[in-house]
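In the part that follows, the structures are each spelled out as structure tokens.
Two complexes are shown next, each including chain A; its partner changes from chain B in the first to chain C in the second.
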Partner chain A sequence: MDIILRNLTYQGIPIWRNVYVIRWVSQIVSGLLVVLLVSWFFVNIGNAIDDREIPYGFSFLSREYQTPIGQHFLAYESSDTFLYAFFVALTNTLIVSIAGVILATILGIFVGVCRMSNNWIASKLALAYIEFFRNVPLLVHLFFWFYVVLELPPVRQGYVIAQKVYINNGGLSFPWPSPNGMGTAGVWLLAVALAIIAGFVTHRRLAIREATTGATSYPLVLGIAVTLGIIAFAWLLLSVGLIGSEGERPFGLSYPEPHGAFGRISGGLTLSGGLIALLVGLVTYTAAFIAEIVRGGVQSVGRGQTEASRSVGLSAMNTLRHITFPQALRVIIPSIISQYLNLTKNSSLAGAIGYSDLTNVAKTMTQTAPAVSIFIMIMVAYLAMSLVYSVIGNLYNRHIRFTGG
Partner chain B sequence: MGLKYLVLLMGLISMVGLITVACSSEEATESTAAVASGDSRLDLVKNRGKLICASRNDVPGYGSLDASGNNVGFDIDLCRAIAAAVLGDPKAIEIRYISASERGPTIQSGEVDVLVRTVTWTTSRDAQWGNYAQTMFYDGQGFMVKKSLGIASAVELKDATVCVTQGTTTELNLQDFSTQNNLNITPLTFEESDAVIAAYTSGQCDAFTNDRSQLAAIGSGFDNRSDHVILPDTISEEPLGPVVPHGDEQWFDIVKTVMGILIYGEAYGVEQSSVPSAVTGDTKVDRLLGITGSYGQESLGLSQTAAQDVLKAVGNYGEVYDRNLGPGGINLPRENGRNALWADAACTNCPKGGQIYAAPLR
Partner chain C sequence: MSTDSRIITASVLPPPRSVGGIGGWIRVNLINTWYNIGLTTVFGFILVVALWYGLKWVFLDADWRVISTLGGRIIIGQYNVEAACPGRDCFWRPQAGLLLVTVLLGMAWSVSGGGLTKRIAVLFAGALVACAVLPYSLDKMGLDVRLLFAANVPALALGWVIARHTRLGTVSWIAVLAICTFLLILVLLRGIPGVPYLQPVSVLYWGGLTLNLLLAVAGIGLSLPIGIALALGRRSSLKVVNLVCVTFIESFRGVPLITLLFMSQVLVPLAFPENFPQNSLVRAAIVITLFSSAYMAENVRGGLQSLNPGQAEAARALGLPVWQTTLFISLPQALRNVIPAIVGQFISLFKDTSLVYIIGMLDVVEISRAFIQGNPEYLASAKEVFVFLAAVFWVFTFTMSHVSRRVEQHLGVGKR
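== the complex of A and B ==
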């Protein structure tokens, strides 16, 4: 404040050219404009809701939903509440999002590396892939894969592999672990978590030992061995009943089986046709963008780095792994995160091909609950998912950023 | 000196700011009020010179495209009838094609004048969406299955997967039916009816549920119609009719009256090809046609001869039905069914067994 006063009482510079005045005024004006714009939106929404008697409120959340949800990975009954149904739908979207992000990253990096390959065919194939998938709207992709899935035989004439895997246009069903008893399964999962921590600690200790003393210590191999050892030991103990008095295996396998007059598959895990079409569509589409980001990132690393690495005798693969890629990651991560966000938000097209994602279920909810409230919930849910991805991405970005060390 | 300038400037800025806030909120109120209460919907339509209807173009009989690309159907004719009554020109319409789940938000926002898209009248929709003018077709939910499944009744759909369109009452009724009969039905919900049909015909679903008349209409487009069968069970009430936005009673009354004109047109035997424009001697017909007497045209803001325009444009209810849903369209039987007239208007003691009825025109 002192500084401002001193500058203001100084007669030399006219007020409209005083840098402090300009800074303050421009900040205040732009702040006011933002406040005005936002309040105008809210006033407008409020008026519209009042004038047209549009219902609004959240009291419906504790009411029974009484509407079916096509596919759900969490247990759901029509007597559950709106809030829980919304959560079930959110899980459906999360599963698509997480699986899609992992698969798209793998495929994207693979295509991106192929694109930079010296192998002419691999490089041109990758180019064709990228250009084709990038330049066709996602909804068209989804319908394409939807009709591909529909071309599969219906459930009763579907393919069966070894009586354990069922493939038909209703989806893909395969054996899946199911907990035998909540107690033993829980104890075992706890043991798995501890085993993973123990494995990491072992790995870290041995890696430090190797780095400081130079003695070959096999940190990776021994770390994995410790993890697997503890997991297997816990399984054995629980199975023969030394810890849990029941003495049962924590998990059994649930096998898919045709069930009922229509031969619908129950048991095991079924990925519905809609989910498969959605995942394939989202993954192939997003991977094309990721491939280009990977290529851009790798090519942004100076040529001298590669040449230096090769000249000290690292192979092409090791150069990519230890020299080029770690540096490229700093360029890649921020843009790849926005692709993850895109994939998550694009999954809201699922309603077109019959997968019960968040948007699909929530739109059905607008039939028996106020649409304004539902759409606010949809927005908040996607915003929350996007923010979580951003936070994780930024943490990782901070972890790998260039620290000079 | 400088400080004075600063204070002055701050004062000016905050004044400008305050004025802008005041103006903008006032403006906002006005602009939304223009649709809601300032101008009546009738004035809005007349000034615009055309009627905006939300409807469909994907189901034969209700709303589809004919060979030359014209939008035709029962719902479309109801829209044309309202345009004829209000504007004197049945062609002065703009149809917005919307999916089933878009119906609520579309009519709630008041962006269309009337929603005629096979909308079932339910109490929560009446409370939340808009005002239901008049039931113009009594429907019920049914199931279509492949004949090869060999099932005779919907209660045999135990553990079946059933295709359904999102945002419909059928989606909600399906759960009631499944719970009541302990059927454990898995629904497969799609936004667009094209995807529903594709999923059903490919066998992704075991059955397809919709209003019975729409099942018949959609089935009429199948190449192998005889391979499919509509099960005899009707699991719900589906009264269909036009919906208007909340908040304008005059407009609500106008749409109800136009529906009444169609229904009494049939009851009095006034046909499209021979709408009288001079005194017929039958007081009821003369009043309907605006030649003598009144059924409230002035208070509604309709022209004296609005009914003549309506009946010349689309014909009476029976003609609209026959052209689209009857022999001229998807061939749903009407005789002795619920969609027959309640009685002969000329002879109130001669019941026809139907439920198509409207407030008497007088």
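== the complex of A and C ==
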């Protein structure tokens, strides 16, 4: 009787079949394995540093870089430090990324809209564009454009448009605003910032008013008018010298001019051949992807939405603006932001065609500075950039997500 | 409702004259509204100009001799130079590898019974046979080389016959043989020390399209399973596993591949003991595979998220253990849902193999660029070279996306 009772009593799950034990043990074991593997790598790197006398640490950052950087948008001398050179290279990457993102968005939306057009020629041309551009490696695009730019004539025989824009194998030179005196330019830029804020506030106030009272208030038009008005007013004030130290226009235009037998161009803004090839390549390549995203987004909005909106009396334009587009945007924005990130990362191919972006400069730096430290620095820089993109994406997602209903 | 049940008869009318026929098609698709007339004019003009200058350039202005001068370098890079292969008679090895692939394609044609597989097989063999009759200016491009290219036609037939008349003609056997062929090609290219005609060739001399394809095949084969494992790990409720997978995925996705490749060359040798066997080709393959796995993981995760949780719950309720639920219920449906994304990732992996230039490997793009750089007399033909390369890449990637659409149709995505 006693034995039977003991056998009938529930003994609990044996320890090797207890799911909680299994979970904990497997987690600890896998965690330990990863930690061991990573620490093995680090021990090896440490040994290599000791045995082969490989330099390490970050003390090189304050040393002089002493290597020229091709095109740079910030002032740069070879005697500048590694840290500053790294920063210059980072700006180069950022500038090409931002310009690329803006241009690729415009071209991509244009091609995407053409693809959806019910005009047969427009639709098929866009299809051919998309199918060709996204199926060929970016590197091939870049080399193609690079050699196209190289085939342009030298500066003295180059193309000149209206004596102001120069196109030649040195790149593209065009007039560019240059500040007349840092003081006035600074004051004006401050006024521009204030004007933009004022414009936003106006827009928001009027939009709320329109939404609550129903009175037509033109929030967008008036917001832009306020911004432009303040900017123009500040410009006028500074030009006639009422509040500036002396009466001068904050910005003048600087024109490119060739000098000497080889025609070195000074003044204006010159985009080097490498940068142009990079921009054209990146923009045409990424635009093909964006076009597909735009098309997919618009097509994801059900036909019923459009039909319903037309039947309650909205015009085609208003249907697009208030019904189709906001819903399509929900699908489009996350994918488009990941394309922006791709564009930024793809700009690292710049080195192949002689534009000094972050990766290219970092690669050169490893010849005179510890590779481990450089690697950590570019990792951090690129991860920071992708973090910025994903923060923007998440903010937008929070802004547009379905609330209630 | 009336109970009246008269049968109403009406003849089926043809479509109105305004939409039928060529004139109707033009009316509906090109000039139906005033702004479409404008669009048609503008885009028609662009089309005509682009076609005119494009065709004129391709057939009249372009100098395609540079392609035949590049010749074998497009296929295998510097594999057959004196330093890599004393005697310079190693070109038969990549050619033999291509023959093996053709045999395999012949078998696939026979098993599939025609259709797309047939077209791919014929295109592949046809392109290689075309190499046999093209004018090459590389010395050593003798009769033997041309014959080996021409041998692809009998090879295709051989594969077809093997599959038809032996027990090897099943999909699973072909899959096994494909893996064997891949390994055999690797051995063939690498060589075996001491065996006549198979003297070892350093991987530093591998290049050309062969290098792109080897890296792509290895990456495609490995990145999907690793990506699936990472995706499952990322969805796991085990905190440690989750953390490791998220860190891995996000750090590989956040950094450009080119940076990773370059650093693999500088840093990875340090991370292993000095006598650890490794070479740049393997390092490149591993980095490309891991990079692609991180993206693949996100695609697979998207597929898993698209599933109705009821599927897994039902499987669990029927008594399937977790691993069987995942393997037989969740994954097949998840993967089917994201075929376009997965194939898109394969395509971008194939395109990304051109980035190995950063570690000094001469893939098809880099060897062409280096050739132009080293022979300034061909500088004027650079555009022709890159247009040709674009076409080559395009044929491969377009085939991949075409196959993916077929697979989707076959699996009935969006229909059940």
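In the analysis below, the second predicted complex is superposed on the first by the 342 of 405 C-alpha atoms of A that agree within 3 Å, B and C clash if a C-alpha of one lies under 4 Å from a C-alpha of the other, contacts with A are read in each partner's own complex, and residues count from 1 in each chain.
Simple rule for what comes next: contacts are C-beta pairs under 8 Å (C-beta built on N, C-alpha and C of every residue); 3 or more make two chains touch, one makes a residue touch a chain.
Every value quoted in this text rests on a predicted model; they were computed, and no experiment measured them.
After overlaying the two complexes on the shared chain, residue contacts for A:A48 are found with chain B and with chain C alike. In the superposition on chain A, A:Y166 makes contact with neither chain B nor chain C.
Judged by the touch definition given at the top, the superposed model places A:F82 against neither chain B nor chain C. In the superposition on chain A, A:G70 makes contact with chain B only, not with chain C. In the superposition on chain A, A:N119 makes contact with chain C only, not with chain B. In the superposed model, A:R23 makes contact with chain C only, not with chain B.
Touch criterion met: A:E151 reaches chain B and chain C at once. Within the superposed three-chain model, A:Y340 lies out of touch with both chain B and chain C [touch as defined at top]. When the shared chain is aligned, no partner comes close enough to touch A:Y285: not chain B, not chain C.
The intersection of chain A residues touching chain B with those touching chain C, taken from the two complexes, comprises 28, 44, 47-48, 51, 54, 147, 150-151, 351-352, 363, 366, 371.
Chain A contributes residues 5, 8-11, 15, 18, 21, 25, 28-29, 32, 36, 39-40, 43-44, 47-48, 51-55, 66-71, 78, 146-147, 149-151, 153-155, 169-170, 259-262, 264, 266, 273-274, 351-354, 356, 360, 363-364, 366-368, 370-371 to its touches with chain B in the complex.
Listing the residues of chain C that touch chain A in their complex gives 29-30, 32, 36, 39-40, 43-44, 46-47, 238-241, 244, 251, 253-259, 262-263, 266-267, 270-274, 347, 351-352, 354-355, 357-358, 365, 369, 372, 379-380, 382-383, 386-387, 389-390, 393-394, 397-398, 401.
Residues 23, 26-28, 30-31, 34, 41-42, 44-45, 47-49, 51, 54, 114, 117-122, 125, 131-132, 135-141, 143-144, 147-148, 150-151, 345-346, 348-349, 351-352, 359, 362-363, 366, 371-372, 375, 378-379, 382-383, 386-387 of chain A are the ones that touch chain C when the two sit in their complex. By the touch criterion stated above, chain B contacts chain A in their complex at residues 1-3, 5-6, 9, 13, 17, 20-21, 24-25, 28-29, 31-33, 35-37, 101, 104-105, 108-110, 124, 127-128, 149, 151, 156, 158-161, 163, 166-167, 169, 171-172, 174-176, 178-179, 185-192, 195, 198-199, 202-204, 206, 245-247.
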